[in-house]
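Some structures to go through are shown next.
Look at the two complexes coming up: chain A is in both, with chain B in one and chain C in the other.
Right after this comes the complex of A and B.
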């Protein structure tokens, strides 16, 4: 009986760890998606501004310590490309997040079942509190 | 905690100014005086509006699961937390907005002078007198390391855009705040309820066995209920059929009466009047029972109708005692009035008798009154109202029933179209036939069948199976049952060349009496000629 409970404990432990790991992963993904979203918004703003500027205005790009002059068209295309890239990234990220959340919920169910079991094993006469 | 919950972060950008010609030193305007700072890095401020991991849990759809003080308290605490974050965000936004406003004023005033004398900071501790030149050239940071050099006016525009964006964020923050407040209030209310009244939580434990047992019982009771319903329905139907049987038998009597009357009338050889177009239609009557006339009628006289449709007399006439008040339905935009002589007030009138009689011949209309307690009483429905429609060229008659006398003359004067054939008489032939010289369309009557004769007084059609389709369509108000084929009259009667009904023989008195005389003068129809040809020609008709 004791061995069984020990075994059970170990099982429970592993499951709990798995759950924690999944949660952490989820958090990371979430923050990542957050940053992506902000970047997207930023680029959207830049795009709007560039659309308003004259075609012969002086546009610069900061690359490291250097400010490099660019044409407006170049700038526009670059920004658009970046926006598309970020969108794709965001989508991919959200898919991953979805799957991870599913795993998390599944894990949670397992854990709760184990918990029930543990409670039963602890005291079959005692009802759920 | 899903990404979808976040409100997006916004970065607000700063304007980078190029104030003099030394390329290394760029003066930035974070939120400070532009003349002071010397760092090259754009100091972007990240506005974190989204409540990321600390977003308050919205109330679950529907009621709270556990209505007890503790959980409610925690919920309220969470709400308060989120409210505080919301307020800090709002403050930050306000501050930023204010700074943009001051920047705007700076941008407007800066280019007013070509250059300004200023103390320029050199490093961290030194200042040096200098000048601010190129006052109209502003390098603006658009975001993501993109810069654009523009005039101060343009820079002002950019600032305006950013301010509007900030305002939007402010708005969304406000809405969020409202929402959270509402949730909080709701939770507080719940809290008060639970604490104050000591409400008892209703718990229904789910027990498999119990549920199963209940389900079986439920099924049984439902089954029983349905059976009961079925039984009741059957009973009702039986009752109804009983009642219906009574009524049908009553209808049969009435039919017999009519037949009797018709028979007697025929023997008396009264004038045949064209049957006017009736606007009232009823379902065709049932098949006849064996005629037993008077005795039946007397027997059944006691049946319920409050105003009896028929009462027996030594005379063969059927009288009704009801007075019919006709109320003309007001047509929209027109006044529809019925000529009084078409309204049958008292059927005992000779004048109106024929109409009524012909109507009664064909239709016995008895309205059934299904009362609440299940009994059925029958009473005559509205006496047939003969409505004469006058066209615009004719004068309308007042709808007042009492003025019957005055209006009859007018009606007689006016031309009344009482059958389709009269239309041609009154209004002339149809435009098609009048205008074009085309021959009238070929008759649709089968060559084998003798032409139909409209005869009101006659009984069932004699020479013809009633089930065969008649050339007269049902849409006409001419009852098929009254159509007979008068074999004797066939060869002699000549069809009038009416464009609409090509082979109707309207049995005016003249045709019946003066067959042979009038034959020579009138033209013979093509149909008739074809019929009189050898029978090979007439074979092709389908039966």
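Right after this comes the complex of A and C.
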């Protein structure tokens, strides 16, 4: 009986750890998504601004410590490319988030099943430990 | 820079992990507060409070940016294209005399490292638009924040009712046991 419960305890522990790990992963992904979202917003604002800029205006891009001159057209294509890239990245990220969310739910079900089992094993009359 | 979306959920069924990816629309998320256990209510309350804090911080940030924009706009007003002389700061406490070559144009940092040349009028228009945009954003966040604080109020009230109910039930139980 003692050996059995010890084994059970071990199993429970590994499953709980798995659950925590998945949750951590999910959190990280969500943070990543938020960062991407912020970047997308910023780029979108730059795009809007460039769209209403005169075509012959001078534009510089700050690259490290130097200002590189660019035409408005070049700047627009660059920003658009960047926006497309971020959108693709966001899409990829949200797909992963979806699958990890599923994993988390599944793992939670496993855990609660184990919890039930533990309560049954403890049996009536024995208080929760 | 402006935090417009946040992905916080209020899933009542799973209070242990409340991370909602994507942040879906909250309509499908109606919770009957009375049906929740006090412990769940407390958890929910905490979550709502966290969200409230988030919105309040967002508002502060937005207002800061707005002030900066306003300041830049004010500076433009005092920039006279005819007066080209100025002191250029070399360090915080040392300056050299300089002369502006193009005093009727300014460079504006529009984000992600891009700088756009604008005339003073264009620049003023830019800052005006930014300030208006930020005002709109602040209003949006404020309205969401108000909603949240109503929710918090509701949760607090239900929680208090529950507490009173529990106390009354407890007292009744005791009376019964003392009678028999």
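One rule holds for everything that comes next: the second predicted complex is superposed on the first by the 123 of 129 C-alpha atoms of A that agree within 3 Å, B and C clash if a C-alpha of one lies under 4 Å from a C-alpha of the other, contacts with A are read in each partner's own complex, and residues count from 1 in each chain.
Here is the rule we use: a contact is a pair of C-beta atoms (placed from the backbone, for glycine too) under 8 Å apart; a residue touches a chain by one contact, two chains touch by 3 or more.
As the structure is a prediction and not an experimental result, all values here were calculated from the model.
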Q) Now for A:101: first (chain B), second (chain C), both, or neither, which partner does it touch? A) both
Q. Regarding the shared-chain residue A:67, is it in contact with chain B (first), chain C (second), both, or neither?
A. both
Q. Should A:41 be classified as contacting the first partner (chain B), the second (chain C), both, or neither?
A. both
Q) Which partner does A:113 contact after superposing on A: first (chain B), second (chain C), both, neither? A) neither
Q: Check the residue A:121 against both partner chains and state whether it touches chain B (first), chain C (second), both, or neither.
A: neither
**Q.** Partner chain in contact with A:53 - chain B first, chain C second, else both or neither
**A.** both
Q. Shared contact residues on chain A for chain B and chain C?
A. 26-27, 30, 33-34, 37-38, 41-43, 45-46, 49-50, 53, 57-63, 67, 75, 79, 82, 94, 97, 101
**Q.** chain A residues touching chain B - in the complex, by the definition given at the top
**A.** 26-27, 30-31, 33-34, 37-39, 41-43, 45-46, 48-50, 52-53, 57-63, 67, 75, 79, 82, 93-94, 97, 101
Q) Inside the complex, what are the residues of chain C that reach chain A? A) 1-7, 14, 16-17, 19, 21-22, 107, 110-118, 126
Q: Using the touch definition up top, name the residues of chain A that touch chain C in the complex.
A: 23, 26-27, 29-30, 33-34, 37-38, 41-43, 45-46, 49-50, 53, 57-63, 67, 75, 79, 82, 94, 97-98, 101, 104, 108
Q.
Could you list, by residue number, the parts of chain B that touch chain A in their complex?
A. 1-3, 6, 8-11, 13, 46, 50, 52-53, 139, 142-150, 154, 157-158, 161, 165
